[in-house]
Every structure is written in structure tokens, then in C-alpha cells.
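Two complexes come next, and they have one chain in common, chain A, joined by chain B in the first and chain C in the second.
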Partner chain A sequence: MASNHTATEENAKRHKVEGPKKHIIAFIFSILLTFIAFATVISGEINKDFIYIILIGLAILQVFVQMAFWMHMKDRGHTFAIIGILTGVFIASTCVIMAEYWAWW
Partner chain B sequence: MSAHSHADGQLPHEPEKATLEGRNKVLGFWLFLGGETVLFGTLFSAFLALRHQVLDGPPAHELFSLPLVALATALLLTSSLTSVFAVYALHTHRVKALIGWLIVTVVLGLGFLGLEIYEFYHYVHEGHGFTTSAFSTSFYTLVGFHGAHVAFGILWISLIIAQLMKKGLTVVTAPKVYVAGMYWHFIDVVWVFIFTVVYLMGKVV
Partner chain C sequence: MAHAHTHKVKRYSGIKDWLTTVDHKKIGILYLIAGGFFFLVGGLEALLIRIQLWKPMNDFVSADTFNELLTMHGTTMIFLAAMPMLFALMNAVVPLQIGARDVAFPFVNSLGFWTFLFGGILLNVSWFAGGAPDAGWTAYAPLAGTTYSGDHGVDYYVLGLQIAGIGTLIGGINFLVTIINMRAPGMTFMRMPLFTWTAFITSALILFAFPALAVGLAALMFDRLFDGNFFDPSGGGNAVLWEHIFWIFGHPEVYILILPAFGVISEVISTFSRKRLFGYSSMVFATILIGFLGFMVWAHHMFTTGLGPVANALFSIATMLIAVPTGIKIFNWLFTMWGGSIKFTTANLFAVGFIPTFVMGGVTGVMLAAAPADFQYHDSYFVVAHFHYVIVGGLILGIFAGLHYWWPKMFGRVLNETLGKLTFWTFFIGFHLTFFIQHFLGLLGMPRRIWTYLDGLGFNEMNMISTIGAVLMGFGTIFFLLNIVTTSFKPKNASGDPWEDGRTLEWTIPSPPPEYNFAQTPLVRGYDAYWKEKMEGHSGMTPAEPIGPIHMPSPSILPFFMGLGLFIAGIGFMYAQDWGNLFDGFKLGYAIGIAGLLILFLCMFLRSVYDDHGFHIEEEEILRDKGGKA
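On to the complex of A and B.
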């Protein structure tokens, strides 16, 4: 059993498994972006539309970081996965833009 | 032993993608997440269009409390990190660590769900019921759908933990763990937009 365990570890080393370091950096980055978003709203002395743009920008940036690192989207072999999710994002953003700008026209 | 085991009894590198079935599951799950994006996109659209129609109910900036939202966000974000640690344990073939991180993820998810139940209970007592206004209905539908996803994820990951304890880590169980991890990250990604669009934008007067 012990020899089997070391063999597994060697196997893991040979293939260079990506360590948790990048994930912790992504986590700290997400916390930071979230903190900036909350702080922007709490301080609240800025123009309303400007705050909206900052908030949406921060959210998109954070989602991008999490999907690239945590969902392994940056790894190779994800071409069709990216096409699939982007199709969903395209339809979803069309709906959102429609609701925000055309619903009460 | 099943036919899926390797001849030397060792797991291959990235066991979730070692079989065609595993690879198909991962790709199929990405397509499913594309569909889930559309589902949440439409719920967000409804909320964005209706969020100012409050009738007699309390408006968003009076209702929401940011410390509660910040705590919920911290719980879900941390659970996303622990599920990524679980996938790292999967890649290094450490079953005990894998089960441990999944349990931590489930506990954090339960904490998030508990906060949300408390939050909804509190809102109803503030006069913000499901049928109070177009704002309240679209709010509960959007946030409630996300909460239902969290509840489903907790149940799903718990069942996977039970299966891992019974069957161990194989090329059959590995894709299940990986796909459940993707689902959990997706829930966190949706929450990023919820706390931004619903709570933070609602607080800006």
C-alpha cells in the first residue's frame, strides 16, 4: 500500500499537476474585486451611471477570472466548451440589453 | 474490479478525461451551462425591467442590508475555492483530501442557504411578499432560482461524497466530481451578477 502511494505521487509529479497557488491568487483577486464593488456603493458620492458601469465592469472581470482559472477554461481542449457557453452568454446578454433599454421605451 | 480499472491498478492522469464517456460528460456539461446562462439571463432581464415597480412595498435601497449580502458572498466564494481544492485533490489522486474538501464545500453551501432563508423570512416580515409588487416577484424568482440551484448542488455533492466513500476514486466517479465542481463554480459566477445587479445596484439611489 505504501509503495503504491509513492508510485501515485510520482505519477502526479511526472504529469505536472497544476498546484493550488494560482487558485489562491484567483481567490484573493475575486475578494479584492468584490471588496472594491461594495466599497464603491458604500462611499456612494459618485454619479449613478458611473457607479453602474464600474459595478458591471468589476463583475465581468471577476467572472472572467473565475471561469478561466477555477473552471479550467484557459486549459487546452476547451474550444467547443467555449463556443457552447458563449452562445448562452450571447442570448442572455441580448435579453438583458432588451429588458434594460427597450422594455419601457 | 470493474473493466474500467487500469491493468496496474493506478488511476490515469486527469481521470475525469481518461474515458470517452468522461470527456463527453464534461463537454455536455459545458453545453448545459450555456443553457443555464440563458435561463438566468431571462430571469435577470425580467428583474431589470421590473425592479422599479415597487407599488406599496419597500423599495430595494430600504430593504437590502449589505453586511448580510457580503457575508453570503464570502461564504459562497470560499466554497468555490474549496471545491477547486477538491478538484486539485482529484488530480493528485488523494481520495481522503477530496472527500474532505467536498464536505467543507457542502457545509459552506448550507451556511449560504441558511442565510438566504433567514433573509427571505426577514423580507416577508418587512412587507416584501412574493405577490407584493412586480419588483418583489421578479426578485424572489431570480434569487430563489439561484437558491434552488445551491440546494440542488448541496444534495448532488452529498450523494457524490457517499459514492466516493463506497466506490473510491475511479475513472467512473472522477468525471462526476469534476462536473459537480463546474456546476458549483457556475453557481458562484451567477451569484457575482446577483450581488452586483440586485443588491449593489439596488442600493445606489
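On to the complex of A and C.
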């Protein structure tokens, strides 16, 4: 924050070039995914096992959208964010899986 | 002041300045005062524990009070004394070491401090509100559940730590971003001083470990306040789950504590040996490895829980593995001293005293890591001796070393060396007297967490010696306080490089630094940037930019009120069941709780909608500062 003001100006410039277009598309897309998930369950006409498959598929797509657009994982210069997220995923999944395994099975 | 974009300069003085500051150096001092205060409180609790145990069948305090003292000693020392004192050093030093003018998020930095402080105060209010938490600092379920801890003690633990934990978490995130983004030109990762490296890894550990604590505490909160059932087996919950969650946080936590101490020791030993740190890259590698392995060993706290031989063997091996990178560090420190021209200043005494003490704690750690042997040591004073060797003998000696070393940089005054050495020797001897003997108490079979013991078990003399040691440690702390007080009356005349052998960027600027730290951002040309310039005959760093107006963040009172809001919310929700109805069907406690949260959200709203662009410090003022100080 307390850097020279040139840095802030550069930041602003970069954001202007990028614009909110992609974010709006991603936002609509993620809402759409949520709506489809909701609709498949609420319709009551689809086989239960099939719903599971659809929901898992939609969830994976949703994670991709969230990570790529909102966590900026698609952008260049976000190496640290990517390393951080992957480390977090690794540590969290290890801990959750192991703790669940020993606590319940 | 001719600039077109000049904003109105906002500067407060006195108490208003301290409540609103977003300056990392002042926040560091706030952390030090608060952490130091809680250190004294925790130390007092420790002394009371030792007085109770100094003779068999003593009745100095009741069993209930003893449980409260024990729980609050552990909780206070870990969360409210050790963590904030580390944050004090990190705030005071890390931005200076990387050549930055501030941390990445000054507002968040201040928010982290105030949430920590209000969480800590909430936890300690319990002493005056009918009973402190008494389920141990680990708060194992079902003991910590409402069935066995019916009063509000553990509620204070849950909510106090939750609020303080928010502060720690955002503090950690802030330092991650600062170290990644705010380094001066030329300050590559492999040129960063080791204290900055350890602060970086510690922040990453905080980022990954504290959410686990937050989840666990939230679940325990639901159990206790809203009739949830996560951890009570009689209702289908799972008590072992709490142990897992707590130690998934709790083990990384001990590395969160010790890594910055490793960093301090590396800086101090290298400076006072007048030598480059031996094996810098292996030190960095060892730090990362310890950080990573720290997440894979939590179940070694649970060997006797009954996870089975496969789990015990796995965690046994993983735990012993940590001795390898730690051993690398120990040898690197020894080799740094080897052939150096060593100056035994107080800071260096603490650092040199740290090495054998920490090795002893590490060796008992490997002993405890052997799962079959652990069944013997478990819940005995051997464990108490072990973790006090690594936390007091490691972390606290490290913090003392760091405080003596960076005191002139933080306050502009060098601490008195005679009093400093007196502090070291009383504290160091007192420490070993207190805890070395406890290994043998444990091996003789004295269980931990007991409030008294029978005569004739062979515990009497050893407990007496341990108590004498604790009193000595108390004297050591008093000498340190005395040193602070007498030094504060001396003139503020420390030079920029008071040890004369400073190697890193913080010694290139005046002590204490101006609020913008660096009038011109320095150009870093290698590891030990300042030392390199000195060796090439330069008097200071090459600037990376011309002198120009410096953009500064505005001070803000909002973080203080956000912490206060959380505090009020905590109290309200805690007492909702006791305080009756505000009107029909709506409890007064909930109303107070919601009011507290509203204060928080209002502050967040104000922060979001009101754009504060900060202000600029103009060239004239910077030049005036430079003229006055040089």
C-alpha cells in the first residue's frame, strides 16, 4: 500500500484492460451450473443414481470455473496462488481423509 | 505540497495514534505490549502451579483452581503470549528486511492485532466471571462438553480462541502477501534473510493450520451453545474426532511457534559471529521441509488413543524424520560460529544458549516419537519437560534473543548489557533447574495435570527443586522488565547500525525508522545486502529510485471497533441461556450478540463504501528527516 503511486496506477491499468466481461460470463455460468443442479433434484423425474453422477459432474465443472476465474488460476503471474491452493488441497485432503479413516472405520 | 493529488494528511498523536495506527512498526510494539502482558499473566499462573506442587499434599489452591490455572497457563502462553510476541518481531522486522515501506495490507494488519487482543481479553475475563476454562489447553471432548464442563469456562475458551484465531489467521495472510509482493528490487527469494524466510513459512503454516482450529472450535461451540452433538459419544458424536481436529491444528502450531525462533537465532548468530550464515540454502530447504512435515505428524499426540499399530508406526517414522532438517539447522548454526569472531552480547548469549537447550528438547522428542516407548512416557512429567524444553528453551530464548537484538531498531535505545546478561543467566539456569528434573519426575511416574501428590513417592525433592527454578525464571523476567524501564529513561541515541556488524537491510535505516521506513527503496545486490555493500567499501545501499513523494495509508479506528464488536457478540451469545428474555421469546443475550455483530458489519460496510486513498509524505519532509538524522 505504501509503495510509490506508480505501482497502483499500473495495477489500475491492468484491470482496465482486462475488464469485467470475463467475470460476468463466469458469474452467469456458475449460477447456471447451480440452477441445473437444483433443477435436476427438484424435478423428481430423474433416477437417483443418475442424479449423483450429474451432481458430481456439475460440481467438478463448478470448481473449475471458481478456480480459473475467481481464484485467477488461469492468469499468468499467479504462480504463488496456484502453489498455495494446491498445497492447501493436498494438506486438507490428507488430514480429512486420514482423520475420517481413523475416527470412523 | 504543490502536488495536485495531495490528500489531506491525517495524523493523530497520543492514545488516538495508538488506537488508529496502521504502521507496522507501531503495531509490532502493540503486539509486544499485549503479548508481554499475557506472558506475565501466564508466568504468574505457572508460578502458582509450581507453588502448589512444591511439597506433597499442599493445599495452596483447590483442585478446581489448579485445573483452571493449568488450562489458562497453557492457553495463554501459546495463543496470547508466544504468538503475539512472534508477530511483534515479524511486524517490527520483516518489512524492513525486505526493503518494504509497509506490509501489503496495513488495515488488515491492525485488524489482526485488535481481534487478537479482544479475543485474549475475552478469554481472561473468565477469571472474573465465575471460573476460567478448566479442560486443559487441548480441551479434549467429552471433558470439554457441557456434560462435564457445565459452567461457562470452556465457552470462554471456545469464543476467546475463535476471535483471537481470526486475528492470527489474517496476520499470517498479510505476511504471506507482503513477502511475496513487497520485496525491494533485487531482493530475490534466495537473497531473503532467514528470519524473513521463517516468517514466510510460518505464515503459510498459519494459513493452513488455523482453519482446522476454527472448524474444531466452531463445532465445539455448536455442541456447547446450541445443543449440537459433534463430540459426545452418548449422542452419536465422536470424541476422537476432536483429538484429530485439534492436533491437525495443534502440531503445525508448534512449528508456527518455533520456526521464527529459528530465524531469529540464524540472524543473531550470523551477526555476532561476523560470518555469513553457513549453508543458507540448506537452511531454507530445512525450513520448508519442517513446515511440510509438520502437517504429517499430528497423530503422534494420539499414540495411546488406539489408532492401531500401522498408524502409530507411520506417524512414528514421520515424526523422527523431522529430526533430520532440524539437525541440519543445528549443525549450520555450529558451523556459522566455527572460526567466526564471536561477540557474546546478551542477544548472542540467548542464541548460543538456545542451541544445546533445543537439542535436548529435540532428543526427548525423538524418544517420544517411538510409539512403544511413548506408552510409558504418555501423560507423565517427561512430556511436560519435553515440550517446555522446545517451547521455553526454544521459542522463548529465541524471542529474548530477538528482543535484545532488535530492541534498538524498535525503540531507538540499546538495552543495558549488564542487566541483559543477568536476565540471561537467571532465566537460563532457572529454566534448566525447573524442567531438567521433570524428565526424571516423569520417568519415576509422576503424572502431569495432577494438583497434588502423596508423600513418600520420591517426588518431594525434585518438585522442590523445580519450584526453586521457576522462581529464578520469575527473577529473570523481572530483570528484563527492569532493563526495559531503566533503558526507557535513557536518551534515544541508537545509531542505525548499533551492533556495527549488521548484515541485513533493517540496519541501513535510522533506529527507530521513519514511518515510511526507506526514503529511497534500496537496490539489493546479494544475500546479506548491507554486509555486501560494507565489504565493497560503500557506506550505504544504492537507491533504486529518486527521492519522491511517498504514498501512505490513512490511520483508521475501524479495526478497534471490529474487535470490540466480536467481543460483545461473544459475551452475548455465551450468556444467552442465563440472562432471560428481552421480550417474549427473544433472549437478551442474543440481542446483545447480534448488536455486537452489527457493529462488526457496520465497520465492514464503512470500510467498503468509504474510499480512503491515504496521503502522501512530500519530498520536503523526507529531506528534512534525512538531514536531521544523518
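Here, the second predicted complex is superposed on the first by the 71 of 105 C-alpha atoms of A that agree within 3 Å, B and C clash if a C-alpha of one lies under 4 Å from a C-alpha of the other, contacts with A are read in each partner's own complex, and residues count from 1 in each chain.
What we mean here is this: a contact is a pair of C-beta atoms (placed from the backbone, for glycine too) under 8 Å apart; a residue touches a chain by one contact, two chains touch by 3 or more.
Since this is a predicted model, take the numbers as computed values, not measurements.
A.B. asks: Between chain B and chain C, whom does A:80 touch in the aligned arrangement: first, second, both, or neither?
C.D. replies: Both partners.
A.B. asks: In the superposed arrangement, does A:93 touch chain B (first), chain C (second), both or neither?
C.D. replies: The answer is first: A:93 touches chain B but not chain C.
A.B. asks: Could you look at A:42 and tell me whether it touches chain B, chain C, both or neither (first, second, both, neither)?
C.D. replies: It touches chain B, and chain C stays clear.
A.B. asks: Once the two complexes are aligned on chain A, which partner has more residues of chain A within touching range, chain B or chain C?
C.D. replies: So, of the two partners, B touches more residues of chain A.
A.B. asks: Looking at A:27 after the superposition, I want to know if it touches chain B, chain C, both of them or none. Which is it: first, second, both, neither?
C.D. replies: Touch status of A:27: first partner only.
A.B. asks: Show me the chain A residues, by the header's touch rule, that chain B contacts in one structure and chain C contacts in the other.
C.D. replies: 4, 8, 80, 84, 87-88, 91-92, 95, 98-99, 103-104
A.B. asks: Going by the contact rule set out above, which residues of chain C touch chain A in the complex?
C.D. replies: Going through chain C, the ones touching chain A are 5, 100-106, 176, 180, 182, 204, 207-208, 212, 238, 240-241, 244-245, 248, 295-296, 298-299, 307-308, 311, 516, 545, 548-553, 614, 616.
A.B. asks: For chain A, which residues count as touching chain B in their complex?
C.D. replies: 4, 7-9, 11-12, 15, 17-20, 23-24, 27, 30-31, 34, 37-38, 40-42, 44, 48, 51-52, 55-56, 58-59, 62-63, 66-67, 69-71, 77-78, 80-81, 84-89, 91-93, 95-96, 98-100, 103-104
A.B. asks: Within their complex, state which residues of chain B touch chain A.
C.D. replies: Going through chain B, the ones touching chain A are 9-11, 13-14, 17, 26-27, 30-31, 33-38, 40-42, 44-46, 48-49, 66, 70, 73-74, 77-78, 80-81, 84-85, 88, 91-93, 182, 185-186, 188-189, 192-193, 195-197, 200-201, 203-205.
A.B. asks: What does chain A use to touch chain C in their complex?
C.D. replies: Per the touch definition, chain A meets chain C at residues 1-5, 8, 80, 84, 87-88, 91-92, 94-95, 98-99, 102-104.
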